[in-house]
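Both complexes below contain subunit A, partnered by subunit B and then by subunit C.
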Partner chain A sequence: MAGLLGIILQRLLLGIATLFAVSIIIFVAVNALPGDFAQSILGQGATPEAVEAIRNQLGLNESPPTRYFKWLLGAVQGDLGIPMSQALFQSFTGSSTGGDVVTVFDQIIPRLKNTMFLAGVSAAISVPLAVTLGILTALYRNTAFDKAMNVSTLSAISSPEFFLAYILILFLAVLNPVFPSLSNIFPGMEFSDRLNKTMLPALTLTLAVTAQMMRMTRAAIINLLASPYIEMARLKGLSPMRVIVKHALPNALAPIITVVALNLAYLVTGVVVVEVVFVYPGIGQLFVDSVKIRDIPVVQACCLIFAAVYILLNLTADVLSIISNPRLRHPK
Partner chain B sequence: MNALVWILGGLLVILAIAWVFRFAAQKATDNKPYFRDMPLSVAFGYVFAAAALLLSIWYFFQPKAVDGVPSAGVIFFRWAVIGLLGFAAAAWVFRTVFRNVGSENSKKLFRSMPLTAAFGVMIIIIYAIVSIFAGLIAPYGQEEILGAANVVAGGDPAIGGNPEYPLGTDQIGRDILSRLIYGAQNTVGIAFVTTCLAFFLGGTLGFLAAVLGGWLDQLLSRMVDALMAIPSLIFSLLLMTIATAWAGSEAWLVTIYMIFIIAVIDSTRVFRLSRAVGQSIVVMDYIEAAKLRGEGMGYLIFREILPNALAPLLAEFGLRFCFVFLTIASLSFLGVGIQPPKADWGTMVRDLSPFINYASFAPNAAVTPLLAAGAIALLTVAVNFVVDWMLHKSSGLKE
Partner chain C sequence: MSDLLLKIRGLKIEGRSDETWNPIINGIDVDLKKGEVLGMIGESGAGKSTVGLAAMGYTRDGVRISEGSVEFDGVDLVKASAAVKRALLGKRIAYVAQSAAASFNPAHKLIDQHTEGPVQHGVSSRGESELDGIELYRRLRLPNPEEIGFRYPHQVSGGQLQRAMTAMAMACRPDLIIFDEPTTALDVTTQIEVLASIRDIVEQFDTAAIYITHDLAVVAQMADKIKVLLKGDEVEEADTRTMLTAPTEDYTKSLWAVRSFERPAKPAINVNATPVVSVRNVTAAYGTVDVLHDVSFDIHAGRTVAVVGESGSGKSTAARCITGLLPPRIGHIEFDGQQLPLSYKQRDKSQLRQAQMIYQMADTALNPRKSIGETIGRPVEFYMGLKGREKRKRVEELLAEIELEPTEYFNRLPSELSGGQKQRIGIARALAAEPQFIICDEVTSALDQLVAEGILRLLAKLQDELGLSYMFITHDLATVRSIADEVVVMKDGEVVEQGPKKEMFKPPHHAYTDLLLSSVPEMDPDWLTNLLQERGVDNIGDAAVDKM
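Take a look at the complex of A and B:
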């Protein structure tokens, strides 16, 4: 067991190192912005004093490494700075010490929760669906059912999310008003109402990720069907369903778990387009809006959060596959 | 809730019919093994498929309009079915023609091809022709603002169409058909250039890392690891923020920057693959022989490694192209990709998307955003079909 813990610890350290590297990349990228940060906030007609004030407020007069470590330390403690829109407001009113400042952290947290809710709902639909369909297609492989599923999943994987989203809007919101096409979620909503409004984006994401997971499940099971112990089970006269569920599935679990975790990572980061289509108030929407108005602190913070979630889920996939497959614990 | 009860009831009825069907078949065929051993689930599948087919046929022949009000559901369903069958038929004809025309090798290739792959090849050829000759095919210019705005698709004057603009015009009066055709040139062309660039970058560096090894390999690999830890769409959005700031008011510069940004991000994936493939080739004897002959690095990479790594790289090229294409479409859809007034499918979907709300009373108006999105989906689906077939063929999977 100590070996297992050691491996997990090692992966965790690797993940932290990666996150550190990612934060450097993000910082360097943002600092490649042309011109003066403060100047671009205030526009061309700014007085030198105002520019200087903003520079001081944002700490732009310090050297890049100092700023980087300040940002990183802040980020670790949950202080991600102040959105530029807020900074602009303060410099005009001159109340930079004023009380009610909405920090980036305050802006992101409720939206991150919304995004997690959306990802959670889609995962709750897509994971059982994908595994069931994967088992069924492996069971009835090379039949008309399998081929039809193959074509439709391949089409679903390769279609852009907004295409799937608009098709769903067309059929489930406009032609048959089952679910609302706008997801105006707000705090304090009832759960059922919230679920109803999250349904269409969740279904879109489900379509996008189910296919991948299903194909992997099918491939993982079929890969095993040639092994001798499956042959043995078949010769014993077990039913095909029993052979697959009892004998093949447990051994196919490692690749399935990996692909599920990877797709969850995709869910959390791939929500951007879907959130924009449905005007869902999640972190993806915030990110795109900030990109458009170049609100750098928010963009930086969103990027860091997305990367952290992505790395964390990849790490989980890694660790889970090691746990579920003892062979990986003792590399030759 | 009511609909849910109906669906559940329907499934139960189908289950009952399935049991009856199996029972009847067992009696009728004198307990043939096929029906004797048939699980109920398989019988359910058959009856379900038959029921779905019957329902679709019944729905297909419903009247298009009731009391002058168009029943949009029926119309969309007909379009979908006709489109699907039309494409399948076209792919079948295409495959049949090329099974009989062409060189011996190409005939052989088409004989072993499944219909989906034939469909893919056909669509790719059509897209290539349209994007190369866009200027000749398109009836109007892509930025040309014509007399009438918001003309409905279909060319029927009774519902606000105009035969001069078969697919209608957009909010400021540009011909949608022309913009779709030019979109093929812009979107597909840019995606193709980007993918080529990504392969050039990633492939060269990957092979170099494989051949040289040592600290260069370590350095490049760790850099790629770090870059790949950021989700690609998020990273490209971040970099596009900076790119738009750099470009200022020059819209075409944004496109150039976008090509480089996406190429660099995607080259990391190519690097991984070509390094792995390269490493397995580098240990071969013929590489050793070439090294002993005193061949240079360029010769090693381009004349010895590249030809042997071509098959996996080609399949990867198809998949990468899809990713790049979808990334560009998504960026444009989000408003930071290819800049107007250039016609581009992602931007068109976003601009035309409000029309979708008219679907229930004006189906022809609602179809335009779906056409642009469908044009994107069609190409990626086609490429994926071809790649799937290629991988299946090269892996020799039989089961």
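Take a look at the complex of A and C:
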């Protein structure tokens, strides 16, 4: 087990190094955006002096490396800065609201929680569904059922998400009002109410991620069906279902886990369109709004969180894949 | 007729390739009584395993039974439904596969796999079958029977896994077991132990068995009667003793005769001559673990030195040191009296050219995308600098040398060749560098006996014509007997004995050499019985190796 801990530690350090690299890319990319906050907030009629004043106040005139290191130093200490939109009110009204400063964290955390909730609901539906369908299509491979499942999940993944979203709205909100089409959730809502309002975006995301996980499960299992130990299991007179679930699946876990992790990461970071369609107050919406007004601290913080989610989920997948291998769990 | 357990009549099997069904088995009959052991032998491609699996009503993907019946205790398995077959498989008919390491599921403990059959078939409870498993492990003389089942397959050695698999097959006390080459992948000293265990337990429970193998001497120990197959046809069947002493068919006789190939002895080595290759006090390590300890031996011009030992004894590591793939930690390699740089990276082209290799698995040693002409042409160009027409001419010469029709084979891909032909291409590729010295790493162990003999004869001919020296790595003492001039016996990374072949095969030997020699099955059906009586069960196989 010491070896395993070592591996986890090594991956964790690698993950942190990756995050550093990503932070540079984020900073460079965000700064490459045309226009800046001062211009976008002051509009067309802005005087150069006003623009300059705001730029100075926000530190936009400092050299990029200085700004990067300031940001990084803050981020390492858990301080992602203050949203420019918030800073502005203070300086222009001149009326400080006392210690009640809204930080990037304050703005992002409730949104992130909402997104996590949506991702959690989608994952709770799509992962079991995809793995079960993967097992079933492997079991009944090349039958009509298998082909039907493949065609339908592939069509789902091939359609744009907003299209899937509108189709679902049409059938589940307009024609048969089962779920609400607007997902305006807010703090302090009942869990059941919240779940009800999250259902349509969650189903849309399920349609978007199920195909890949299902097909990987199917392929990973079928890949093993020619191996001698599967033949042995069959020759022991075991039922086809048992052969697949008990003998093929445990050995097919590593690739399945990897794909599941990638799709979970997508559920957190790729939800922008779905959140917009359903007006769901998640981090994706915040991200889009912040890009629009060039609120750089928020954009950077969102990117950093997305990157961290990706890295963390892939790290978890790596570790789980390693654990799923009995050779590593039980060394000689 | 009621005592017939298995009755196969007119069995025809087809395999699919390129969208058409081609015959693999052309009508075979098998009669097996309760408690009887049938040995089924033939070369690879004879259809032995296919018939063995068909006896369980099972065919692999892309294979189908087209005609005939397989009656097991009155049930025709060809016509039976999948559910009827599943009820019989594992419970009344069991299977022991060639590679236990591949046939145990790596994700589950041995005992979980052992008890699965009895529990699923409702023969016994999990607890009962666990106790029974431990008892079977004990009867099969596995070390630590109480504990070994609770390990994962990768934590158990190959020979032990093979016995654990036999135990698993026995779990429901079946009436029939199909043994599909169960000892082919094992070392001789391990094989003998597994053979003794299998024979014992089959006798104890009066189980009928089909024992599939290509090794005649093995089948002679195990079977009551022998059936010889050739390309999907039965050649003949007779009881074991008759078959061994008086085979009627020419093909059977030719199989029997393979073991008689032996090169005439060469004159003694001139002690003053400089050896072509000299391994000097080599100690080598993988990581921090030494795997070779102070190994020294010489290989003289035009001679064959057989390096013998079991898997893990350091034979191939010694070869890697000579080629420079693994630089020795201590010691060095001399070539014609000149010290070679330790790593191949520091050797120049002419030094690299002088030592070539032929590999065990011709299949994986040839690039499947390159035609034969390209494969052999590459070293011709790289080492000899020939191009264009000259290169082609040289490749054709080489093909003629290895007895393949140049124009016919030049443009073929490896997939269009048989195993023996692929190995010949491997030889041609080594010859293309015009070396003085070739390392042959188990070059015949993946081949059938007749094909292997052809390769050995070819190597002998090339040695006579070109004055080549061979380092011949093998675990098969029959091969040593037929081709070697000198023998080096290795164990645990050390040379335990070396000398001219004549002396090695004459007593007194080093105890380990003696054990190796005595573990090679002989054609005498009483060989195993006599050996067990002579030595006792505890003085054969791994147990005996461990005592040294």
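By our rule, the second predicted complex is superposed on the first by the 286 of 332 C-alpha atoms of A that agree within 3 Å, B and C clash if a C-alpha of one lies under 4 Å from a C-alpha of the other, contacts with A are read in each partner's own complex, and residues count from 1 in each chain.
Convention: a contact is a pair of C-beta atoms (placed from the backbone, for glycine too) under 8 Å apart; a residue touches a chain by one contact, two chains touch by 3 or more.
Nothing here was measured: the structure is a model prediction, and the numbers come from that model.
Chemist: Looking at the superposed three-chain arrangement on subunit A, would you call subunit B and subunit C a clash or a fit?
Modeler: On the shared subunit A, the partners fit.
Chemist: Rounding to a multiple of 10°, what is the angle at subunit A's Cα centre between the Cα centres of subunit B and subunit C in the superposition?
Modeler: Here the answer is 80 degrees.
Chemist: Should A:326 be classified as contacting the first partner (subunit B), the second (subunit C), both, or neither?
Modeler: So A:326 only meets subunit C here.
Chemist: Going by the contact rule set out at the top, does A:236 touch subunit B (first), subunit C (second), both, or neither?
Modeler: second
Chemist: More residues of subunit A are touched by which partner: subunit B or subunit C?
Modeler: Partner with more touched residues of subunit A: B.
Chemist: Would you sort A:5 into first (subunit B), second (subunit C), both or neither based on which partner it touches?
Modeler: Neither partner.
Chemist: Output check: A:250 vs subunit B and subunit C. Expected answer is one of first, second, both, neither. What do you get?
Modeler: A:250 contacts subunit C only, not subunit B.
Chemist: Name the contact category of A:226: first (subunit B only), second (subunit C only), both, or neither.
Modeler: both
Chemist: What's the minimum Cα gap, in whole angstrom, linking subunit B and subunit C in the superposed view?
Modeler: Here the least C-alpha separation of subunit B and subunit C stands at 5 Å.
Chemist: Taking the stated contact definition, name every residue in subunit A that is touched by subunit B in one complex and by subunit C in the other, in rising order.
Modeler: Dual-contact residues (subunit A): 226, 239.
Chemist: Taking the complex as given, what residues does subunit B use to touch subunit A?
Modeler: Subunit B residues touching subunit A: 3, 39, 42, 45, 49, 72-73, 76, 116, 225-227, 229-231, 233-235, 237-242, 244-246, 322, 326, 329-330, 333-336, 346, 349, 353, 356-357, 359-360, 366, 369-370, 373-374, 376-377, 380-381, 383-385, 388, 399.
Chemist: Note which residues of subunit A are touching subunit C in the complex, please.
Modeler: 226-229, 231-239, 242, 246-247, 250-251, 326-327, 330, 332
Chemist: For the complex, which residues does subunit C have touching subunit A?
Modeler: 53, 56, 58, 60-61, 85-91, 94-95, 97, 99, 102-108, 116-117, 120-121, 151-152, 154-155
Chemist: Within their complex, state which residues of subunit A touch subunit B.
Modeler: Those residues of subunit A that touch subunit B are 18-19, 21-22, 25-26, 29-30, 32-35, 40, 140-142, 144-145, 151, 154-155, 157-163, 166-167, 169-171, 174-176, 178, 181, 222, 225-226, 239, 241, 265, 269-270, 272-273, 276-277, 287-288, 291-292, 294, 296, 299, 302-303, 306-307, 310-311, 314.
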